[in-house]
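Have a look at these structures, which come just after this line.
In what follows, chain A forms one complex with chain B and a second complex with chain C.
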Partner chain A sequence: MKGTGSLRNVSNKLIYGLFITLVIGLVSVFGGADLFAAYAAGTEAAADAASTGGYGPAPVTTAADYPSYAGVNGRLAIWIFAQLHLWFAAFVLAVPIFVFIIEVIGMRTRDKRYDDMAYEFIKVSITAYSLTAILGGLLLFSLILFYPDLFSYLSVIFGESMFYYALLFFGESAVLYLYYYGWHWLQGGLKKWIHLTLGLTLNAVGTTLMLLANAWLTFMMSPAGVDPAGVFSGDTWAAIHNFLWNPINIHRFVANIAYGGSIVGAYAAFKFLTARNDQEKAHYDWMGYNANFIAICALLPLPFAGYYLAAEIYAYSQQMGITLMGGIFAWLFIIQAVLIGTLFLSANYYLWCGMGRSDGAKRYTKYIKYIAIVLVGAFLVWFTPHTLVLTNSELKSLGGPHHSILGPLGIMPAKNTAVNIMITFTFLSFLFYRRSNKVATVSWEKTGNIIQVALFSAGIVNILFLGIYHGYFTNTVYKVAASIPQVMTTFTVIVGSLILDSFIYRGAKDVGPLHWGRIPDRAQYALFLLAVAFTWLMGLMGYIRSGIRQHWHVVDIMRDNSPDAYTPTLGYAANVVSIATIMFLAMVIFVFWIAQVSTKKSLPAGYWKE
Partner chain B sequence: MSLKNKLISFGIAFVVCGGGFLLLDVTLMNMQGLSLIFER
Partner chain C sequence: MRQFLKVVAFMVVTVGLFAGYSNLGIPQIQPAPPPTEEKIDLSAMTMDQFVALGERLFSGKGTCTLCHNALGRAPELGEIAISSQARLDDPRYAGSASDIEGYIRESLVDPSAFVVVGFGKAGSNDTESPMPSVNSGSIGMSDPETAAVIAYLQDNGGLEITVEIPTDLGEAEDEGEATNSGEPREPITDIQELVDNHACEACHTITDAAGDIGPDLSKIGATQDRDYIRQALLDPNAVIAEGYEEGFMPDDLGQQMYATELEIMVDFLSNLK
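Then we have the complex of A and B:
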């Protein structure tokens, strides 16, 4: 029965995938062209279309060109559907990446626990995959219904890539189901290699899908391959390879891994808290640790990827850059800073609690309080606003909205310093965790430790020098330029320290066996917090990224003339993102629950004929 | 290892690492067409 059910499940999903593929394909190839023809007919410029290779300028719309259905606000519907789709897409794109890596580790070490963990991770993502597709379909239909002119314009430029996207989506579904349902079948020897090849293919296709979708949204921010009137040159690659495409690709790729790690970490925490015996607790504790490790590994470079993206936005358009961090959206960056601080504190807290698994951790627990103090200090700098919200009397006594000493804490050199310090100390927490169950046996252990302390100290002094000197005493060009050596200092400390540590602990003895499952329940809530903070953060920052286009559908090319072509208040935006976050987390709980239900069996006595 | 030896070892390592970071700063700022110390 189970086999039949699974088969039906696969066929249902494949049929669903085929349906979506056909819809997207037909809309992009035929619908797009028809819709384009409809708007082009309404403009004088259509007459010139023949002279521009058959492509007309971007449509000029009026409020009447934005239909309304059943009283639903089009912008709100698309906002929520796009956000939900993106969260799930980020999750289902990230999970196969680290599942593949964990499976490779399992194959290399021949430790079946890794293989089992990888399978459990992919099992969680399977239901999420269906939800991603459903939400993608809702987003597509909403775009066609509420913003037909925009969609038709984009489908003329990206029709070809949309068609390939649809085919790739179908291909990804097929590979994913082969990868998941063939897991236990394709075990050992050549079969394992075939399975790993499927995993690699799945990741290649998934990443390509993300790159294509990224091209569409970055085209709306930094259009390329079109003239100032929006007439398409016919060069699809130029439109795809627009100015902000690669910065978004890098940022999303890294962020997706961190996000995927945090979501499966929440799953492990959920399973840990509901475990019925010590064995289950130990398994899910180990799973939670690995998920948190993945999230931290991706979280550490993430601020740099974000900084690079923001710098490129500035480079493309100073106006957009200033709207981003110096205008109305700047206050959302304060919330962002709070959430990022929460991420770092949660990840560190989980590591500190996890040190309790080892009997040798006592040697390092005395340092935790100092790491906590530094992290909180950096956190405070991280969310200090540039311009304070003050009453008139406060303004008078201060002499203006800027404080002479605290003011520079609101600009990027201080933020960069804070985040580099946070990253360095988070790495230190990880280093202590790594060392907690080991005793070095090399003769030069003490010298090695002294060198490591010197490396950390010199690195921190250098980060502080670059941040304080350039933050207070130089101009903007220097302030921005100094961020590069700051990042490289952090990178050098981490890599140098890891290399040194691996030599110090070569041939090290274990203090004793690690007690998996010996971790307080409250540590699991840190994993939940990590997942919630990530989700919220992505929603808020995604809104900002999209919102900096302001009254443009496609910046400087196609103006948004809908009644909603205004930037909503920050409170409204935060409420929408918060409601979407709650919706997403409710769906994630459903996904976790479904994964749990699939393992349960009922055998009602006397129900079936003997 | 005595405290004195520890301090000497730390001092040497700190100077070497610090010098390395300073060199890194100068190189990366020069690559961007700037000096490490602000020039008006």
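Then we have the complex of A and C:
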């Protein structure tokens, strides 16, 4: 491990990597759509056949149609298996994306550290593939056993795509094994290119698998390709390309990367804490930094992807949208605020602690407390509920269910303002980190800094103005109008600032060597917190995504008449998510441990014949 | 190993804190159970009862108040007497209704037939309504239920009720009280949820809503004691307030509520002064 890696180089390479990630994502999402469109053409004939009445309506079930086995609660079993499968799937889909990017960086820079790190990332995820498949199998069996009519109905519509899904899974496994076991064999020259091609293929197949699975679940939320009675038109593409398919695809793609980054970050943190020497410490500190960087890069656009998804849910069904944001689930977003606040604060805290690696960081540490104050303030705004549970006397003394000044903090303009401010200041933390080991040499550094301060100030003022104006001075219909300009403002600040900063620090001098490994142990706990909060948050949001269907298996098409066709309380859902999270973490620890075991050797004296 | 145990403990405590906050720091709202089948005897129903049924459907099963409320997500329906005729006369109107009752029915079952300016789906230039048809999909009102909502809207808007009570259908869906799980539900502790679940405000004025089928309860605690209120809930026909008719208030609340819920309701009402 070299202790003198250039921070700027690392950052620039990873920014370049992020760009590649986005390109891959877009190609996968929309290129995948083209593939499906081609496939859809072949199903037109089937659509014609359907018009002759080849398909029946959605099943109408009664409570007797939901078998029970060995006293197991079917919904609970499916819920937990689905959630565990999703966590592992998110992890194993995300890791190859940034492994591929890191491998490309290693090849371009001829810096073996990147290649080694990429290999270590894929190594720790390899056992997770088997667990993903096993949990997927358990989910499938649970669906067949507990919700046979639903599975039967979905099979009629998605039978073909399920078949291709299974084939793709074989393909995924084959490519993965070649990619992983061929890592050291396919090194150098053309072999490296072959290996990279395998990595790209692995990602393309993995993303296609995700798109297919997303189609099934989004069909249940926004069914398409069926008539009001649920009779399938025969057009599989219409069912796949339903209204919420792409919003979920984008949201999951971005979230998976952030999630994968956080999980490998936890791995690096644990390895750091148990490192036997400074060299190991430095290596895992560097690995943890990169994992956290990946998580933050995906975390920053994630609220926007989530907002887009929510807006599309609202556009698809105003009822569903209001149930999501203003109905019984409204309080869930207060829990979400706690989780998101945890994510942002822990990611920032890790960055601040990481500034200790540089001797030049003292110039910026004085600003950290202000960033912390702003982040906590934004968190509190996000945390403010809209409707309070009050006694009658409290209602009277408050003059209504909403406080005249603090009440608007509970609605979307304030929430959007809070999240944009959080993102902007997290980026500022990163900017300070990026600058901490650099001394600019350009003659116009002062002017550049003034422009940069002006850019941040104008952006923050604009975000606040938009939030206050739409929060306090417009009626309900226009309250969400602030969101797009606020996002664009944040985006402008980030991109503008990055460009400006790269010019200011072009040809800059290093303050000194970066001291990888010079970071307090408590910073590693920020990485653990990031991983746990991410896992728990995904579970919670899975509950709401599924819960807004209420008592429908397939919204408006196939009603859920099982004994469990009611929405559980938030507390119950939180308990299920917590138990599932602990199960998942236990399995992840096993995955990491098994990755260690493969490298250990013991030589029992006298056991083998000499 | 020590380090490993520390990390595991940290993770478990973190998960515990999230779960604890979700259970103890957040109000536990019991979502309404899915609608269940309930037979309604329309043949014995008076028009006032029919209107009351319409109001209950309007704020319950129909989920109309999600959008048709003071927040302005959808057009205000209180002025339907004026607005309906104006919309029928609007040059943009391309529906098939010829009178106000027909217009209201059309608005319920085919909301995109005429979209009020500013309330269309984004990008549709007010040609497509975000409102779902009430007699399909997740709302799924029957024809008698739709007629009841029309009767309520006409009554609420100060119009003459022209819709007739159907006599040919005796079965309709309504918001059920219990799930079909066969298991006892959790007691409700939130007063607003209790009031909503029993649709008290369909007939009574309690805080904001202004139902006038039953007595105004907004200051009931100033004139009546807890025993009176408890009796009125358990046996509503025992004492009928002056100017109101017997038989409107459900007399099975004692069977529908847990004792704790009853006492929460009594506490709440007796504090309305």
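As a convention for this text, the second predicted complex is superposed on the first by the 554 of 610 C-alpha atoms of A that agree within 3 Å, B and C clash if a C-alpha of one lies under 4 Å from a C-alpha of the other, contacts with A are read in each partner's own complex, and residues count from 1 in each chain.
One rule holds for everything that comes next: a residue touches a chain if its C-beta (ideal position, glycine included) is under 8 Å from a C-beta of that chain, and two chains touch if they have at least 3 such contacts.
Just so it is clear, the model here is predicted, and its values are computed rather than measured.
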Subject >> Partner chain in contact with A:243 - chain B first, chain C second, else both or neither >> reply: neither
Original post:
For chain A, which side has the bigger count of touched residues, chain B or chain C?
Top reply: C
**OP:** Please work out whether A:141 is in contact with chain B alone, chain C alone, both, or neither, and reply first, second, both or neither.
**Re:** neither
**OP:** State whether A:532 touches chain B only (first), chain C only (second), both chains, or neither.
**Re:** second
Subject >> First (chain B), second (chain C), both or neither touched by A:485 >> reply: first
Original post:
Between chain B (first) and chain C (second), which does A:328 come into contact with in this model arrangement: first, second, both, or neither?
Top reply: second
Original post:
Taking the superposition as given, does A:461 touch the first partner, chain B, the second, chain C, both, or neither?
Top reply: first
**OP:** Determine where on chain A the residues touched by chain B overlap those touched by chain C, and list them.
**Re:** 475, 477
**OP:** Please name which positions on chain B make contact with chain A in the complex.
**Re:** 1, 6, 9-10, 13-14, 16-18, 20-22, 24-25, 28-29, 32, 34, 38
Subject >> Interfacial residue positions of chain A with respect to chain C in the complex >> reply: 63, 228, 270, 273-274, 315, 317-319, 322-323, 326-328, 331, 334-335, 338-339, 389, 391-393, 395, 475-477, 525, 528-529, 532-533, 536, 550-552, 555-556, 559-561, 563-571, 573-575, 577-578, 581-582, 585, 589
Subject >> Interfacial residue positions of chain C with respect to chain A in the complex >> reply: 3-4, 7-8, 10-12, 14-16, 18-19, 21-23, 26-31, 33-35, 63, 66-67, 71-73, 118, 121-122, 130-132, 136-138, 179-183, 186, 190-192, 207, 268, 271-272
Subject >> List of chain A residues in touch with chain B within their complex >> reply: 446-447, 450-451, 453-455, 457-459, 461-462, 466, 469-470, 473-475, 477-478, 481-482, 484-485, 488-489, 492
